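Each of the next two complexes has subunit A plus one more chain, namely subunit B in the first and subunit C in the second.
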Partner chain A sequence: MDLNDAVLDHLRHVAALPDVTGTRYELESEIGRGGMGVVYAARDRQLDRRVALKILDSALAGEAQLIAHLEHPAIVPIYETGRLPDGRAFYAMKLVAGARLDHYLDGAPSLGERLRVIRRIGEALAFAHARGVIHRDLKPQNVMVGEFGEVYVMDWGVEAVAGTPAFRAPDARLNQRSDVYALGALLQCMFPGTAPPALCAIADKAMQADPAARYPDAPAFLADIERFQEGLAVEAWSEPLWHRLRRFASRNAVLLWLLAAYAGVKFLVFFLRTP
Partner chain B sequence: MGGPHGQFPSTQLSLLEAASSGATLPNEALERVSALYWKPVYRFIRVKFRKNNEDAKDLTQSFFAAALQRDLFARFDPAKASFRTYLRMAVERFAANQHAAANRQKRGGGIEFEPVEEPAVTAESPEQVFEREWQRQLFALALDDLHAYCEGFGKQLQFEIFEAYDLAGGDRPSYAGLAARHGVAETSVTNYLAWARRMLRQFVTERLRGVTAGERDLRGEMRRLWT
Partner chain C sequence: MNKILVGLIWGLILGAIDGATAGFYPETRNLMAGIMVGSSIKGMLVGLLSGWFARKVRSTKWGIALGAAFGLLFAFLVAAMQHAHYLEIMMPGFITGAIIGFLTQRLGEPESARL
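And then the complex of A and B:
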């Protein structure tokens, strides 16, 4: 059978479209492609709401079950899992209105806002790790920031995911510390210009080639971020003396101002009393 | 090949499984490989080495013969590349050697005038041509499978509607027009089309399964195909 280019392209298109007959969903448009499948915006006819429908390769049906067990505010919730008539597995999830992290960063959010986002991501990872699930492919494209600032980590990986080079740890076998590496890479990419040295040190520690030299887990990473936000010394960085003094001054500014005022008053009183 | 929809028995061994089952590939596996790759190899040789029709055919034939003699398919390592990439590179090496040998012979012998044939002019690179022909041949074989299946299982009407709509070279008929022409409801037309496309996808998958190295390689090729 001879096929011209136009017919071939049409066949590739129609054969790729998921067959949703017999399901409660109507496809609207393709909204993304990941390593494991394609995500469509769809309408749930029964509940009359829009959802994101991820169509997976048939062999990866386990991904949906895996994620369905993760109920966390920063993990996109799964509504339903199933199998299409053509054999492919799918799952329906919340359709997040917002921006992907890489696009969100284009809006130059404040330091505090960026740290809030990275902490939410870290919390989601810590939660998943505690349940034995690792992400495997954490990167800005897999994080959504919603209209109201909510953060969702998506595309939780399965065995077949190899990771994205810039965010993938050089580990032979991916584990929790590989996710910590990706978290560090994410922190680094969230501050593309000049970042505070303590944050650079946190990212560097998380991204050590030797897994044993990284933070042991996401909570340890988060604890260092928290220390930075509170103006305390971070574990990842042995800061120079002048920096320590500056940090001390910054943390105790009110006390230092009071002491200075007291010293000033004493000084004035001393000279006024002198005949 | 095939079965009731959604229940395709995986009758085709993957290429890797076939290769690992013995020193040489079974004939069935080899037939699947040459059925899918003969035309892409031929087109690749034509464009890459600017061969005329007959020379390209001869080279293609020689390549498959040499590949069998030298156990080329059994030496395929799925950890290094997809089978498609491996085969294209093998063709490139083989044809380059043959091309160089032919040129040496010409330089050493008398002057020979070859009939000039229309060169294979294309804006695409030889690699793109190879990829495109691979897709074309894959779908052509899957369509043959679908046609045979429809003939065998009394689904001629479904195939006719599918052929009239999805294989239309020019303007596609409307669903209503197709329904009127075949005396069925318009909803039946959409159902028949959905069924035929689903079956086509499964036949494509089966064809791919026969020439890929396991599930992971298959998924990679599927992704390339649908993207």
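And then the complex of A and C:
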């Protein structure tokens, strides 16, 4: 009885997987489902290694060609494209061992670590934008953080993808500034409720309804993040005076302590001196 | 601006300010010119050595420590020449040196950036 159930389960599992006959891949399990297709963990029989195989819902392999042009450390590399017996297009890419950004954030990484991740994502976007490619559907589910801390932006969009509501800009036509909006939404969701005011301001500026009021591009967004990390004033926020003073004191704490020590010593020496 | 220049400039400024504080003591008011020149030269020597060290080693902690040590050493030499006012000269000199050491670490281009 147990054996029969196991066999039935196996048959159900195999029947649910697409037919990849004629390819060098052997499907193992489904690992993700997006707007344009399904991603499976698979084994490349020829090279004896595990890969991620994305099987698209259509015969269009434009997405793979799009990503293949983007060679960047934060963009998952494409190994091969092909077509299944049923005509659907597929592409094989690096199988990233790690956690999706939303799961990664559950582990409460430090502020510096979160900023490192958002900067890496921003760098990948800036790189793609410079090559005329926009993501269209940037969200935590499309970002992987690998086991060595590497960050990968995945699921680069094609024309048919409209984006995910919480991260989609209210723009009639998606462009680079729509990706900047999604980057701001991503920053916001990476600091739920506890973000420093300057970071909130950066996210708010990136998420302005009017595209012209946002950062013009990803590098401008990244420059503000970098300014925040260096303890400088960010472009997105005209901070109150007390905050500016606090930031100055925090940035120059050692110098202020030394000056206070100098004043203290001078004061002591003046009153303790023997004329 | 290279770190040695940063050290010389800040050494001159802070040395002059440190020397100028001698004006608070009535007994030194007629010696102010000599004190300010001597203090400025002392500051510049500390700045020169701290700047040279900052070009070689990037460490705020060690920059402050070495600046303070140089400041203390030169202040001791100045006090020893007068055989008096050791405390009044050495304690501010020690902290002025620490400030110069800090500034040479924070400001100016490190050696590697100019290669």
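By definition in this document, the second predicted complex is superposed on the first by the 254 of 275 C-alpha atoms of A that agree within 3 Å, B and C clash if a C-alpha of one lies under 4 Å from a C-alpha of the other, contacts with A are read in each partner's own complex, and residues count from 1 in each chain.
One rule holds in what follows: a residue touches a chain if its C-beta (ideal position, glycine included) is under 8 Å from a C-beta of that chain, and two chains touch if they have at least 3 such contacts.
Keep in mind it's a predicted model, so treat the numbers as computed, not measured.
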Could you tell me if A:33 is touching subunit B, subunit C, both of them or neither one (first, second, both, neither)? first
Just subunit B (first), just subunit C (second), both, or neither: which does A:47 touch? neither
Looking at subunit A, does subunit C or subunit B touch more of its residues? B
Does the superposition put A:259 against subunit B (first), subunit C (second), both, or neither? second
Check whether A:269 is in contact with subunit B, with subunit C, with both or with neither, and answer first, second, both or neither. second
Could you pull out which subunit B residues touch subunit A in their complex? 5-6, 8, 132, 135-136, 139-140, 143-144, 147, 166-169, 191, 193-194, 197-198, 200-202, 204, 215-216, 219, 222, 225-227
Touching subunit B in the complex, subunit A uses residues 1-8, 10-12, 14-17, 19, 21, 33, 38, 57, 59, 85-87, 160
Could you pull out which subunit A residues touch subunit C in their complex? 254-255, 258-259, 261-262, 265-266, 268-270, 272-273, 275
The residues of subunit C that touch subunit A in their complex are 21, 24-25, 27, 60, 64, 87-88, 91-92, 95-96, 98-99, 102-103, 106
